[in-house]
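Two complexes follow with chain A in common, the first pairing it with chain B and the second with chain C.
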Partner chain A sequence: MKVLRWICILLFMMVTLVPFVWLILSSFKTNQELFSAPFALPDKWMIENYEKVLTSHPIPHYFLNSTFIAIVSTLIGVVLATLVSYAFMYSFKFKAGWLLIITFGIFIPTNAFIVPYYFIVNWLGFYDTLFGVALVYAGVSLPLCILIVKTYMDSIQKELLEASFIDGAGVHRSFISVILPISYPGMTTASIFLIITAWNELLFASLLTQSEGTRTLQVAIRFFLSTFSANYPVAFAAMVIAVIPTIVIYSLLSEKIISGLTAGAVK
Partner chain B sequence: MTSRQIYLYLVPALLFTVVFFIFPLAYVLFVSLQEWDGLSGMNFVGLDNFRYLFEDAAFKTAMVNTMYWILAGTLLHTPLGLLLALLLFSKPKGWKWLRTLFFLPNVISTTALAFLWYFVLHVSLGLVNNSLKGVGLESWARPWLSDPSMSVFASMIPFVLYIGFTMVIFLTQMSTISQEFYEAAEIDGATRAQMDWHITVPLVKSAIGINIIFNTAYCLRMFEYPLLMTGGGPADSSINMSLFIYREMISANRYGISMAAGLMTIVMGTIMMGIVFGSLRLSERRRPR
Partner chain C sequence: MKKKWIGGAVSLLLVLCLVISGCSSKNSETAGGEAASDEKQVDLTLLSSWSTDTERGKALQTVVENFNKKNENKIKVNVDINPDWPALQQKVKTMIAAGQTPDIFNYNFNPNDLSRQKSGKLLNLTEYMDDAWKSRFTEQDLQAMTVDGELTSIPFEKAGILFYYNKDLFAKAGIEAFPTTWDEFFDVCEKLKDAGITPISLMTADDAWHATNAFSYLAASLGGTSVFDAGKSLDTPEVVKAAEYMKKLFGYTTADALGGNYSVSSNNFLTGSTAMIIDGPWLIGSISEELSPSIAVAASPTFGDGKVQPGFTVTDTYTPWSLGKTNSKEKEEAAVDFLKYMTSEESSKIFTLEGSILLSTKLTLTEEETTQAGPILGEYIKTNSEAPESIVNLVRNLKPAAASKLPALIEGMMFDRYTPEQFVKQLQAANQ
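And then the complex of A and B:
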């Protein structure tokens, strides 16, 4: 039985991970070698492929663009979600109705909104800016973000809030010194979710930016295919360079990312 | 406790909801009834855009293919994620490390995976065809992504295989199951497979539901794989809703048609979610626990 389990795991690893190894090996070959000896180790390791990419493409710049968008959209999304979740700890008129309004977007395939988003971002004057993209990401992810943070806050005992009021703290004081400090697992989960979503996104980034200065990593990868179509190994090298920082950061934080992704969801 | 001050906390999110959901929804409805190139004036055409869509072969293919995507998410991607979670849940040596490894593709980005698999499935230099050649199955080699009869299925392969996120959701719920169940089963002489099937799977039912909902929503928005791997082709055979909407707006400048298709995607999403929620509720009623 145990053997069978390991066979399954290894088989799965092979299918999903061998392509990465193949890509890395191929990125050191010449175009000719790629076709003639697809599995062999490179005859001569073509470091030049990497040099070519690094001298012609500002990949670190794209990486910073993506990082900026991920951080800004996450900050906006999590702050808004936390504020509104706090409001829902109180009772007020039409509470269920308000909740429905701010979360119904979860069920909307937002790719249907490319025309309105394009014009909204234009009207706001944020077309072809990183902030415009971040704003849209925050908006699109907000309903799910609210649901994550609110579910967590719902588990906080109401007595804490009441006690804080008895101690003389008002609505704002109670939020900052009582609720906020114990809500961070929910906020962490929402943040990780938002960062991964923002990091991955291609459609809106392609739609809302145009110049090379605002290109995100994903948009850049999209263009690798056409830019390097004459020399595939160079395209592979570009790809390796584009994903290495992500892999390094992930391998340093993977435990935190995976546990944080679900920390706020399970109580 | 009530207080007027709490509306201050509600307003920012509400503002965002108006800007990013309520207004866009109204705008989509409005534009879907217009003939418009995005620059000059709009021309009201009633339901003509929808009439056009239902006679358009590419749109029909896009709808059918999007359904295929959703089916693949429900019937292949989710069960595979469950299977892998079960394998790791039996805590083989280094399972944490394996979990990290299997989640890695999810942070690398869909675009990068699409790029990678474009080459893996490439007709002449691809890993798949060259492997087949290597083991003497040359006749099995295919132009996977450029054969209209399988391009859409070929472009789903990376989505079906990279199950990191789904797996993590399953593993999380599995970790909340009380060990007592397994200890009792062990005393009764149950095998690991029996425990998986009779204890773990029924107890992660809500995670199955969550994953199906997530994956259905994801497939409705699917954009990267078709765009990079096939571009929707050959001859529109692998186009889906996202790509259709995008193409009508960006390449064809037919904003009215694009948004009519957008509205159809929203309708489709609503129906699909209705079906998913309905069947989840039904399955809950059938086996009370």
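And then the complex of A and C:
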């Protein structure tokens, strides 16, 4: 049984880690080497690829832009998702219908929002601003965030809320002092989901920004893979740099993500 | 506990307010700042996918800098680059749909997709087309850009697609010259294959560019340069025959051609893994110094039956420039001034010699200038300029539905899911 478990773990690791190891190894090759010997170790480790990434474009600036967008969109998304989820702890008219409308957003393809989002962001005066992109990310991810936080809040014993009312707390006090502190794992899961989505997103970042000052890291990576010139190893080096924060965040908070996602599964 | 949470919430709200006000002020500063810094200066934004990492991007930068210098304190063109061409095209269409047409932008002209021209958001340049500017273009090119009597785009890039081949690999297989007929071409492929060399780079992903170049050359060789004319059915014996030849040609390509994209296919040639590729002049900038002496370009073979003249070319579509309509006459005139400068003799020379871009605009190069351009580009310009007739690549004439179906159809034919006849019938059906 133990052997079978290890075989499964190793197989899974191969599926998930091999592409990443290949990406790292390829980021140290020359373009020619990549195509002539794609699975071999680099003949000469091309540290220059990383130097080129960091020197040919203001990557640290794009890095900061992506960080700002990820943080702001996460703040907006999680605050709104938490407030909405808390409201759903109470009974009100057409509650099931409202929930259906909100979660329906998950099933609408993102591409369908392109023109309306562009129009609204422009109308608000947020075109080519980092905040405009963050606002859109928060909006696009909101249905799923609500679902995550709401699922977690559903697992909270209703008696706890009733007890706080008996102790004299109102709706707001109960939210701040009772529900919010224990909803932390659900909020963390939603935050990580939002951060990773915002960090990796390309379509809206490319649509809603224009100038170099608002360019994100994902848009910048495309500079190494343009239509007329593709330097894959340098692009891979940029991808390795871009993927580091995601890995670090996930490694540090993986337990919270799992507990947040599994909350409410067993009551 | 309560105070802590209220404090946290208030701080969060303040941060959000600061962010919103900060971002909003950035916008108003940009808009107002332009007017405040210099009331006479007109700022224009040009959207382009030509990053300055590429030859064409550097050439564009030079032209824009030259123009800005000549119009100092009057007009300033700012270039915003999005290197992802399909994403940029999507963005331009979105901007037009949202009524925020970019000041200056370029796109792939497709007679079957005139959504931009018919949006009513592009500036009609007819009134600005004076004799001097008109003389920079051929009447045929200007006619091609005229839709419903309005000239909303200016012909710019119209690159001939040629056959690049690796002379060293040809020599290794005992081949002395580039074939002039398709029968000889397939013999050459066989010889290269026998010598352990993969004859040609092809691809099927995205617009299947290298494969459709071959297909277009074959179809035109069989049916003449009118074979893809607008309104004509694709389901003809000549196009079916061309599909049969294309299938045969896939027997001489790399294993990664099926599903491979432009980069995979071009890199196979650029790393010396294949002996031939059919591509435009932009490939020259990617040829390494070591490989450069081995590379030559040639015109397409024909079937020698007079259906096409030897030396004919398949071309990429027009990649014209357009201007967004604006309420400001000053801005409109400034944008037109820039287009005029961009298509001038001076700028055309920069684009061709420094950016390896073959243009629709008239350009006379001296023998010395052609030589200075480098052996491959020099040969390219010469071969392209001598072309007696041309035809636009099939994929650039397809309707969006047919273009998006093309990769799956080619792959289906290669995996014997469709016969060449079925391939053509399905393509025609998608193109209705």
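The criterion applied here is as follows: the second predicted complex is superposed on the first by the 169 of 267 C-alpha atoms of A that agree within 3 Å, B and C clash if a C-alpha of one lies under 4 Å from a C-alpha of the other, contacts with A are read in each partner's own complex, and residues count from 1 in each chain.
The rule we apply is simple: a residue touches a chain if its C-beta (ideal position, glycine included) is under 8 Å from a C-beta of that chain, and two chains touch if they have at least 3 such contacts.
The structure displayed is predicted, hence computed values, not measured ones.
Once chain A of one complex is fitted onto chain A of the other, the partner contacts of A:Gly125 are limited to chain C, with no touch recorded for chain B. Put chain B and chain C next to each other and count what each touches on chain A; the higher total goes to B.
Of the two partner chains placed by superposition, A:Leu194 touches none, neither chain B nor chain C. Once chain A of one complex is fitted onto chain A of the other, the partner contacts of A:Met153 are absent, as it touches neither chain B nor chain C. With both structures placed on the common chain, the touch criterion links A:Phe39 to chain B but leaves chain C unconnected. Contacts of A:Arg222 after superposition: both chain B and chain C are touched. Contact with both chain B and chain C is seen for A:Val115 once the two complexes are overlaid on the shared chain. Looking at the shared chain after the overlay, A:Ile69 reaches neither chain B nor chain C.
By the touch criterion defined above, A:Ile241 lies against neither chain B nor chain C after alignment on the C-alpha atoms of chain A.
In the overlay built on the shared chain, the residue A:Val178 is in contact with neither chain B nor chain C.
Comparing the two interfaces of chain A, the one with chain B and the one with chain C have residues 34-35, 79, 114-115, 118-119, 202-203, 207, 222, 224-225, 232 in common. On the side of chain A, the complex with chain B involves touching residues 1-2, 5-6, 8-9, 12-13, 15-20, 22-23, 26, 34-35, 38-39, 79-81, 83-84, 86-87, 90-92, 98, 101-102, 104-120, 136, 138-140, 142-143, 146, 161-162, 165, 170-172, 175, 196, 199-200, 202-203, 207, 217-218, 221-222, 224-225, 232, 236, 239, 242-243, 246-247, 250-251, 254-255, 257-258, 261-262, 265-266.
Within the complex, the chain C residues that touch chain A are 1-2, 5-6, 9, 12, 15-16, 19-20, 22-24, 26-28, 45, 47, 49-51, 53-56, 78, 80-85, 87-88, 90-91, 94-95, 97-100, 262-264, 266-268, 270-271, 273, 282, 285-286, 288.
Chain B meets chain A in the complex at residues 1-3, 5-7, 9-10, 12-14, 16-17, 19-25, 27-28, 31, 38, 83-84, 87-88, 90, 92, 96, 98-112, 115-120, 124-125, 127, 130, 134, 161-162, 168-169, 172-173, 175-176, 191-193, 217, 220-221, 223-224, 227-228, 241-242, 245-246, 249-250, 255, 258-259, 261-263, 265-266, 268-270, 273. Residues 31-32, 34-36, 56, 72, 75-76, 79, 114-115, 118-119, 122, 125-132, 173, 176-177, 180, 202-203, 206-207, 210-212, 219, 222-230, 232 of chain A are the ones touching chain C in the complex.
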